[in-house]
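For reference, chains read A, B, C, D and E in written order, and residue numbers begin at 1 within each chain.
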């Protein structure tokens, strides 16, 4: 009972990404002899539940909190309360806004993750990139930060003028057929893909917010016999996604490392609780970059990437 | 001949001409006429489904007829809701009683015209004077011999069939200032309670209020009605004087066994 | 003296002893007894709120009494639901009618005992024989003189008060095989329709079925009842023979104006 | 006491006249009718036709504004594909809503059953038919839990199914370990589970077996609701449970079985879901509750019970599907699509009410 | 015709006996009662006390299993803070549910109003009181839309508010450009908006002004529901709208005003929300609909209208809050927390029913 308590607060408890993050934290907690208490928002964007979770962790006497904020700005006052109570707060996956509101951030650069698949797609299409027709399958209409970062990163990487980089859907480029929302699920991905195909049957490139949406989009393409000539790119790096890269369903995906983030977070709290200092940011960044890797079986030019076989050893689910 | 359907020289208090109401293929009112004179008790009798309830629902604003006109004291009126009729002094006991099951007896009696506390509590806080409402409700029900009910705060859904009807009758009688319409007010009542309701009706008339009484109880109708409106197949067949006709005559007219000589205007 | 509360030598068809039912502070049944003999028409009379409906709800399984026992043909029974009572051949017209407003007349008549198509359509597909049900429903209602209704497929909520009651009465009369209980079956009925119901009750008895009739209509009660059970303050006060007593006597007993000499066992 | 042999009274004098009573009861002119009046009468007699008209009007409106892309046979059949899941789950919800209940756990049951089928067949290698049967049994089991809580403990269905939603969903996440089973694996090991995804082309339209399955299910339920005693009892129970009980219906048994049937339909919905999305995802079905209730209510059912039709629900689902598809094909930003869907649903139901009123 | 002057009949003979009727109507023994019976009678007379007992039992159960962490004054007051928003929004929902309606747009109204207050005060620099008033007016405006659609077009509240939920939420995202306003900025420019977040310590417990505000609101609504004609009319309308109309109540006016009032309360909820969260997030309030309905139903209201109490809703919110907080402090995995909450809600309501039954 005297083990230090570490709280983990994820965005939801359904998304496999966060489920894996929790699994990583669980393992690290065992290894580091700390007690893990996990919490989650009810839906994407649910800030109130995360606030309540922080309060409950303060009441429970936690030593450290690892959080993937649903609303990077809105959570800040609650985080400040926790820090005032002497708790180490580490943002995982998504930085707070401002990032300095947390003691440390272990994150993927979601914008970079998007940018990598955007560049990959542009290079893969080569000359055809100029006449590509792009469908973008986003998360939901709320324009939450990961959704925006990945979508805009992808467009940037592909070489499209972003307009406002904090807003999805204000681009003027004629190559964009449209944006639709998927709720990050297979069902949503399929329906959105079907509708965008009706809008323009000539779609040649599909960006998806995550791999489940990519799988759904693929089903829609397959049902009209377009599965071979349309390129799908995605972000996440979950094992089913990596296998889909292997099977040619997804052209390329940006792999993130939720297990790593969680493990590092737990270690940092442990160190802090045993009298050590706070973790330091990666050089040149205001957060500890846990890295993104491009996963594809069709590497292009000078872009560093790993193939699906290598990725399967690192994937998270 | 049919008795004074129109009393010459006196304006009817409540009059209707040519009321029509169809439901899909069913004609509930078929050019029905109606006249109620000041200070009288008018009975309305007729077979089941003849359209009696529809007629009085039209007169009390509960139903907006497809066609026809209604006059109150000679002035055309168009009631859009029972509230309009109430504002004009017409109170009704509906066949369905129109009570709120989960409210108490006292709440139901005063529904829509609650008493407020005197002073600022009432005018500013709009606080109800529950004591007064309970007291008055108890008085009214005792008059009807219905205080077998345990508590004036009992919910109406816990009352027996007759007790509920008593509450509805007491409410209408207490608030009607020009016309009280009662659709089968004694249907569920016992012998004693029915008698009290008849006395109450006579009381109400004594206050100068006209009463429309729908009933299937011929002895009661012939005992207290001043005139009897006979309804058949959605329209007024005739109006008779209970002193000039026997119950058998009335039943014969209303069931179609015999036709009245002269049809009312 | 009170007439034969117990007919010696004959086992009552339906018997109750010491039924008790309290609702919070209200005592609806206070050690009530009840006897119904084979082939008789037993009237139950009493003031509003005396507990008549509670009594027959207990007898028909609609209400589980707090205490007391019920015997059917001498055998103790414990009805947990109206279905149990129906299975034992007891049909009831409840004061609340127990109709489903949005179903048609025919559906309501056959609710819970629908007819199925002959052949595999009925046995395997469990398909209803709607034609037959509609035909029979129409016949039953015509017997009651209630075919003023437009269509047997009209929804019950579109019927007039009396028409609804007719549907409920026709249902019970058609299906009761040992006992038919009717709680104020003519309350909303017109003169003609009431008469038809009385004839129907006599018919039912002629079939050898016993009838329990709750009614506030003394002339009707005295006309057709074989015995009259007088209920007062939640219990059976006495049972009288309508040929030995006048209506005035009955009213006096039931309102408490006079006490019967000998209280029923 | 007054034993002076007052002989039994006869009927009161005025009642004797009755034998002469006329037998004619009411008469009604049969008038020649204009086409409009015929339409009115048709609608009055067939209230489910009203949402169908609203659906046709919606299709026409989008056909007019969006054009041939929307009206193509292919796109119209696509809409049917897109509403398959909601149509199936909506069928379960319709049965519950008719009994004045509500089932907030349908989505969770569906996803739990799909995970069970997938895990057993793909991960554990059981034969697909057995996995399917176990999945359906699990759906029935979920229904048993709901039904038992509603009928034995007499709890409000809202509370029961809100609670079981959490329970079933937690079981789903636990059993699946939140891991998706990929379409390719299902196709390889247990293609039966994806059977409803197979599609056929008919004159340029593309129908999946899932669409036919949904239509067959709707037809079956229509039969049960309208042509069997059980169906009539469902309406009676939803209409006025006390009256139904007094009339001799075993209300608890009816209620219990309706929750079990709903559970089974949700399991069949799981099958349709796998057919549609190929893979088996523990995250699916999260909007199924609200969407299915929406379809039921847009289809004209009352959440107070006793009213509703299965065809109405199907049309309700199609109406919403048409709106979403039509808006997606138009050039409207996703944000304003949400906005427009909100208005269109309100307008559709208002139109429905209005047609009913003028046809009454 | 038979004009043979049959003189008016008198009352029938048997009715003449009535004057002698006894005046005693019914008698009831007043028995000495045991404490248990006294409790029974108390519960029978005060049905809202039942959920309060369930709440106490829940607190006791968690106190027993989790220990002093849970039972500390600080933690208990924390629970009250955590249910503030749901308490306020639940108050709005209670009013609607009593009228047999449902409001699925409460969450969207709340977040839209908070965004309006924040944008006006922080981004556009209007004085905070003006921003606040405009925000409240916007809440009322949303209520007007709901109320008008429900009463003028006679649409089911479920459909109306489902539609307006999409509409208001889209407006919120559009107006806020999906951007959160930082707590620091609000604190600097418009501290009034955060006023309800201020807290006071009382014996180790920490209450925010928001908690007091919620309690005050509940007290006010209690008064309105139980001590004013408007409150009685709400119950009558929800109970049987036809009967209420026939009794002379302007049902449409009542319904309309209740939606407007609910809108205003949601705007006040927005204020409490800003106080609690500090910042102003357009993502907030997404679970407020379901949570508020849950609180209302756990508090004993019927979704069929006519029954429900504001104190019940508050207790319902607290019960759910206690479960969530207690489970969070215990050592249970999130996944099983959800599972446990599902069961606990069912058990709480079952317990409530059971206490009612034995006390009846």
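As a working rule, contacts are C-beta pairs under 8 Å (C-beta built on N, C-alpha and C of every residue); 3 or more make two chains touch, one makes a residue touch a chain.
Chain-to-protein mapping (UniProt): B, C = Sugar ABC transporter ATP-binding protein; D, E = ABC transporter permease.
These numbers were taken from a predicted model, which means no experiment stands behind them.
**Q** Please state, in steps, how far chain D (ABC transporter permease) lies from chain B along the shortest route of touching chains.
**A** Steps on the shortest route: 1.
**Q** Give me the set of chains touching chain A intersected with the set touching chain B.
**A** A chain counts here if it touches both chain A and chain B, which gives D, E.
**Q** Across the interfaces C-E and A-D, which one involves more C-beta pairs in contact?
**A** The comparison resolves to A-D.
**Q** Could you state the distance in Å from the CA-based centre of chain C to that of chain D (ABC transporter permease)?
**A** 39
**Q** With chain centres defined as C-alpha means, what is the inter-centre distance between chain A and chain C in Å?
**A** 71
**Q** For chain D (ABC transporter permease) and chain E (ABC transporter permease), let me know how many angstrom lie between their CA-based centres, rounded off.
**A** That pair's centroid distance is 30 Å.
**Q** Which chain B residues sit where two or more other chains touch them?
**A** In chain B, the residues touching two or more other chains are 25, 49, 96, 148, 150, 191-192, 218-219, 246-248, 251, 255.
**Q** Please set out, as single numbers or ranges, the residues of chain E (ABC transporter permease) touching at least two other chains.
**A** In chain E (ABC transporter permease), the residues touching two or more other chains are 12, 14-15, 18, 21, 26, 28, 170, 173, 335, 338.
**Q** Specify, in ascending order, the residues of chain A that touch 2 or more different other chains.
**A** As it turns out, chain A has residues touching two or more other chains at 13, 141.
**Q** Based on which chains touch which, is the overall arrangement a line, ring, star, complete graph, or other?
**A** Topology of the interface graph: other, matching no listed pattern.
**Q** Strictly by the criterion at the top, what is the full list of touching chain pairs?
**A** A-D, A-E, B-C, B-D, B-E, C-D, C-E, D-E
**Q** Which bits of chain E (ABC transporter permease) are touching chain D (ABC transporter permease) when the two form their complex?
**A** Interface residues on the chain E (ABC transporter permease) side: 100, 102, 149, 153-156, 158-160, 162-167, 169-171, 173-174, 290, 293-294, 297-298, 302-304, 335-336, 338-339, 341-343, 345-346, 349-350, 353.
**Q** Quick check: in the complex, which residue numbers of chain C touch chain D (ABC transporter permease)?
**A** That would be residues 1, 62, 81-83, 86, 92, 94, 96-103, 107-108, 111-114, 116, 125-128, 130, 145, 147-148, 150, 191-192, 195, 198, 219, 222-223, 242-249, 260-261 of chain C.
**Q** Flag every residue of chain A that touches chain D (ABC transporter permease) in the complex, lowest number first.
**A** Against chain D (ABC transporter permease), the touching part of chain A is residues 13-16, 19-20, 138, 141, 169, 178-181, 183-187, 190-192, 194-196, 198-199, 212, 215-216, 218-219, 222-224, 238-240, 243-244, 247, 249, 317.
**Q** Per the contact definition, I'd like the list of chain D (ABC transporter permease) residues that touch chain A in the complex.
**A** Residue list for chain D (ABC transporter permease) touching chain A: 69-70, 74-75, 78, 81-82, 85, 173, 177-184, 197, 199, 206, 273, 276-279, 281-287, 324-325, 328-329, 333-335, 338.
**Q** Which positions of chain D (ABC transporter permease) touch chain C when the two form their complex?
**A** Touch residues, chain D (ABC transporter permease) against chain C: 1-3, 5-12, 14-15, 18, 21, 25-26, 28, 223, 227-230, 232-233, 235-236, 239-240, 242-250, 306-307.
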